[in-house]
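Next up: the structures, one after another.
In what comes next, subunit A is part of two complexes: it sits with subunit B in the first one and with subunit C in the second one.
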Partner chain A sequence: MTPRLALKGLTKSYDGIEAVRGLDLTLAPGEFLSLLGASGCGKSTTLAMIAGFETPSAGTIAIDGKPINDTPPGRRRIGMVFQDYAVFSRLTVRGNLAFGLEAQGVARAERGRRIADIAAKLDLTTLLDRRGASLNMSEMQRVAIARVLVTEPRLLLLDEPMSNLDAGLRASLRSELKQIQKSLGQTVLYVTHDQVEAMAMSDRIAVMRQGVIEQIGTPHEIYHRPRTRFVAEFIGDPPINLVPCQVAQGRAATALHEAIALRVSDAPQGRHLLGIRPHDLKLAREKSAGAARTIVRFVENLGAEHVAYVDYGDAIAAAIMRPGFAAPGDQLWASVNAARVHLIRGDNDQVVLPEAA
Partner chain B sequence: MARNVLATGLKRFAVILGMLIAFFPIYWLLTTSIKPYDEWAAWPPVWLTEQPTLQNYRIVFFPQAARDFAATQAGSLDYKVSGSAWKAFQDSAIISTVATFLSVAFGTLAAYSIVRFRTGGENYPFQFLTVRMMPPIAVVVPMVALFAMLRLADTYAGMILAYTAFTLPFSIWMIRSFIEEAPAELEGAAMVHGMSRVEAFIKVTLPLIRGGILATALFIFILNWSEFLFALVLTSGKIVTVTLQVANYVSASSGKLYGVQAAMGAISTLPVICFGYLIQRHLVRGLTLGAVKR
Partner chain C sequence: MDWLVLKDIVKTYPGSVTALSGIDLGLRKSEFFTIVGPTNAGKSTLLKTIAGIERQDRGTITLKGRDLGALQPRDRKVSLLFQNIALFPDRSGFENIAFPLRVAGVAEAAVRVRVDEVATLLKVDHLLPRLPRTFSGGEQQRVAIGRAISHSADLLMLDEPLTNLDARIRIALRLEFKKLHHETGQTILYVTHDQIEALSMSDRIGVLNNGRFEQVGTPDDVYHRPASEFVARFIGSPPMNILAVELKAKNGALQAVGSGFTTAVARTGPPPAHAAIGVRPEEIQAASRPSPETPFAGEVLWIERLGSHQILDVKLGDQLIKVRTATDHPVESEGPAWFGFTVKSGRILDQDTKLFITTDCDETDLAKKEEFTCV
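On to the complex of A and B.
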């Protein structure tokens, strides 16, 4: 199947500094892919090039197999929803929805039919005659998305559409957006710095850093099989614990645990880092095999779960526990779920991948 | 409570003091323009004349009046007025208006390019602003030579060109801040929906920054209207601007005709005030838009 979007060697440099470096990426029709990274990693620049606002310094952008590098933004049949939604505040909702159709030269009767159709799908029918300026955030987002979807774009680009919203609204819009996308089978490229959004909505996630994709995979892969230290650290909340370790004969010795059995058969000897997710550092009252004694320093309440911060050698490590299981000052036994630790090479920050289970 | 009263009082005092300082020259201009000859430079100064006269205004508009007046003074005054105020207003209006339009038009395009395409790089806006820091007198001599060579001296085209060139940095600098405030996303939205960049600029961004552009135009117009140095050295009689005409009211026997100069000055503020009044609705918004961050 021809990919809906194919980026090959996409590069953008400003004054000799490469913001995006040789990016390769494909999106299948109907796929929801997130570009995830901190600000300045090149994700927004990539989006701007796909939309046509920026000209690539090198590389090609193809949609349905046809290069579109030289096609002006308006003829790419790409939709884009912006961070601030960019709803035209002086136009009515109907005027906003008609905007793209008018520019495309769609006949009046057809326009009316398509606007009514999309308005019904996105629950905007009662808002059609309101002005853009009078809408709340949730309504604006729906108008921005409807305005784009009504033009039946081949690809929908979303540029951090939720970063200006408060947490509650964000969660509800997230599921709303995902439902719309699924029901329409819309291909989406979503740019965000928020890992929760990316994990919750994406079919695949591409983690970007300094202009290159560090890793691309399903949310499950990105979380459970990170390939680099950066990905391991970037994904997961609370973040992964990275503890120095000494590897010998397939076992890792840390400041707390003497011998953690590694799943990698040819584990490199020497000093490395061990990544232990807070969920995989178990706290118990009773001693068990491989458990080591530690003390709780402070506790963070996340509601359904609490995070205990415990001594780990000279450092502090986070461990997830049941609410109320321990209080600061408690002495506990900490053990590591050895099947789920990540060994990160000290010399190149690459994760030593375990054999597929 | 008492503190509040004191603070309010101090604020009022400061405002009144500021206004006194700002309005004094205007008061002096207006009062001088209606003084008879012997009070123009009298000491102690005449703060408010007891014999107000429109003579000075009459001389501005009807040079013939100067001669009649001189005759009544039994030759004690030699009112030999050169040039015509009508012609000066006409020349200044043509030069200032066209130069303002060009400066703002080019300034808008250049500022747009700098903001949206990072034209010229990071430090470029500061570099061209340095043109305004240079004292104009420093370039006057080469300008005279250049204008003579290009046959631009003493022509409308030459004056317009000089004024456009010297106000352009200011124009770019001001409009740049307004364009920075106008969200690029709106243009982006218009563009993905099928508009070209030019269309998106004209239909989406331009209406947003209209107030700023008008405010900039007013500033540039004031600069052009009150410019003296270039007008003095780049013309030689065919073109006479308002500022040059003010300097024309001198006489060999009695020196500067302050009253007439004041009358001309008072009249010459009218176009600027009218322009400012016409656009004042946009002006406040335009002036604050660039300063306030969202």
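On to the complex of A and C.
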């Protein structure tokens, strides 16, 4: 199948500094892919090149197999939704939806037909005569997306649309956005620095760092089988604990736990790092096999769950616990879910991948 | 005696837009207090009023026993750090942190000692000789915090200091703020729209909406015992499920009957005419088969797999609810599933007032409503 979007060797340099370095990426039709990374990693530059706002220094961009490097932005059939949705507050919903079509010179009758069609699909029919200013955030998101989809883009680009919104709202908007995308089979490239958004909505995530893709995979792969220390550290809140360890005969010894059985064949001997997610460091009042004594230093309240920061050798490690389970100063037993740890090579920061379960 | 006392603060802007409508608040010494609320709730106006940048129409502000009303901003001994980091671009990290000390006329030797202390605390020693343009976003923010705390103030106020930063840096700095507070004992008034920042760092939280506090309490109070529907929906991600119910007495116990479920209610006050219940997503059990704990049939429409846990969008009766489950939970795909929950104490909402019923039931209530019984 011809990919909807194909990037080959895509590069952008400013004053000799490469913001995007030889990016290769394909999106299948109907796929939702997120570019995830910190500010300055090149994700927004990549989006801008695809949209046609920036000219690549090298490489090609193809839509449905046809290169579009020389196609002006307005004729690429790519739709873009910006930060905060930017719905025209003085125009009606109908006016917002007509805007792009008028710009494209679509005939009046055709405009009416397409607006009615997209409004029905996104549950906006009863809102068509309301002004932008009177909409709530969920309606605003639907208008912002409908306004772009009505132009029938081959690809929809979203640039951190939710980054300035309240948490509760983000949670409901992201599931609504996903429902819309799924039901229409729309191909989406989504840019974000928020790993929760990327995990929640994507078919695949491309983690970017310094202009290159560090890893690309399903949310499950990115979380459970990170390939590098960077990816392991980037995903997860609170972040993964990285604990120095000594590996011998397939077991890792840390400052707290003497023998954590590793699921990797041919584990390299020597000093490495063990990545233990806070959800995989279990705290208990009673001793169990393999558990080690530790003390709680402080507690962070995250609402549905709490984080205990406990002594781990000379360092502090985060462990998830039930709200109210322990308080600072409490002595507890900590054990590691060995099936879920990640062994990270000390010499090159690569994860030694376990056999697939 | 409280360290900072706000009494009946009112502030109205031209065009009679009420920014603050009667704020009362007491902060204890060394407390980390967070004001959380949506845009335009009045959060920043309140900070500016305390700092003296804005003047209240009515009410008094007392800090450490001094009435701030008569004092100019620079004499109030408060420090305010804004959302947009504005370091002096042409001065080194050292001079940025030293700035408030220089303004106060602190002797050179004392400036050096203090800047070194602050830099060590915030782990920015290596940035002291460098210019701000060479700092990363997180480094800039740390230096800005250093500047805000270098000259001892009676009150440190922070206005959305993490808002413009990447999620990754926010997570790291939120913990550093907590440590900083722990180590310095500084009294902190922190403003944010991010409920996780409020829950994770604060001793107490004030949830501000339309210029007044909906609730003031510990993180556990506002999360588990919200005072109003607004607080229940604003704190927690995803927010608390609010489900319309009819309250009925059966066999001496109270039941909440809603669309697609009938469940037990813990002790509560007199039942309101129009009631709803509040249930957090993690308080709902899910199972792939019916059981006494999971008697309600629902349909999973979508699962957000977040790695550490999952959020289920579920159709239950004629409403949509959010359910939180662990990774590797037996309910792993879209389709029919079974759910269960009970109504915890303090989770009956009066739909007319939008307030949760907080009083436990007493004999007089029972006498008035004889069909209603305590459980």
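By definition in this document, the second predicted complex is superposed on the first by the 329 of 357 C-alpha atoms of A that agree within 3 Å, B and C clash if a C-alpha of one lies under 4 Å from a C-alpha of the other, contacts with A are read in each partner's own complex, and residues count from 1 in each chain.
Throughout what follows, contacts are C-beta pairs under 8 Å (C-beta built on N, C-alpha and C of every residue); 3 or more make two chains touch, one makes a residue touch a chain.
Note that the structure is a prediction, hence the values are computed from the model and not measured.
A.B. asks: Given the alignment on subunit A, is it a clash or a fit between subunit B and subunit C?
C.D. replies: Once both complexes are aligned on subunit A, subunit B and subunit C fit side by side.
A.B. asks: Of the partners subunit B and subunit C, which touch A:170 in the superposed model: first, second, both, neither?
C.D. replies: After superposition on chain A, A:170 lies in contact with subunit C alone.
A.B. asks: Would you sort A:195 into first (subunit B), second (subunit C), both or neither based on which partner it touches?
C.D. replies: second
A.B. asks: In the superposed arrangement, does subunit B or subunit C reach more residues of subunit A?
C.D. replies: Of the two chains, more subunit A residues are contacted by C.
A.B. asks: Is A:72 in contact with subunit B, with subunit C, with both, or with neither (first, second, both, neither)?
C.D. replies: first
A.B. asks: With both complexes overlaid on chain A, does A:239 touch subunit B (first), subunit C (second), both or neither?
C.D. replies: So A:239 only meets subunit C here.
A.B. asks: How wide is the angle at the Cα centre of subunit A, looking out to the Cα centres of subunit B and subunit C, in steps of 10 degrees?
C.D. replies: Once the two structures are overlaid, it is 80 degrees.
A.B. asks: I'd like to know which partner A:86 touches here: subunit B for first, subunit C for second, both or neither.
C.D. replies: The first partner, subunit B, only.
A.B. asks: Go through the superposed model and pick first if A:14 touches only subunit B, second if only subunit C, both, or neither.
C.D. replies: The first partner, subunit B, only.
A.B. asks: Is A:99 touching the first partner subunit B, the second partner subunit C, both, or neither of them?
C.D. replies: So A:99 only meets subunit B here.
A.B. asks: In the overlay, answer first, second, both or neither for which of subunit B and subunit C A:51 touches.
C.D. replies: In the superposition, A:51 contacts subunit B only.
A.B. asks: Pick one for A:302: touches subunit B only (first), subunit C only (second), both, or neither.
C.D. replies: After superposing on A, A:302 lies in contact with subunit C but is clear of subunit B.
A.B. asks: What's the minimum Cα gap, in whole angstrom, linking subunit B and subunit C in the superposed view?
C.D. replies: Least C-alpha distance: 7 Å.
A.B. asks: For subunit A, which residues belong to both interfaces, subunit B and subunit C?
C.D. replies: Comparing the two interfaces on subunit A, one with subunit B and one with subunit C, no residues are shared.
A.B. asks: Hey, which residues of subunit B end up touching subunit A in the complex?
C.D. replies: Listed in rising order, the residues are 118, 121-122, 183, 185-186, 188-196, 204.
A.B. asks: Which residues of subunit A touch subunit C in their complex?
C.D. replies: Contact set of subunit A toward subunit C: 38-39, 166-168, 170-172, 174-175, 178-179, 193-196, 199-201, 219-220, 222-224, 234-239, 277-279, 298, 300-305, 307, 320, 323-324.
A.B. asks: What residues on subunit C touch subunit A, complex-wise?
C.D. replies: Counting only subunit C, the residues touching subunit A are 38, 137, 166-169, 171-172, 175, 178, 182, 193-196, 199-201, 219-220, 223-224, 233-239, 280-282, 301-302, 304-309, 311, 313, 322, 324, 327.
A.B. asks: Provide the residue numbers of subunit A that touch subunit B in the complex, in ascending order.
C.D. replies: Residues of subunit A touching subunit B: 14-15, 51-53, 72-76, 78-80, 82-86, 88, 99-100, 103-104, 144, 147-148, 151.
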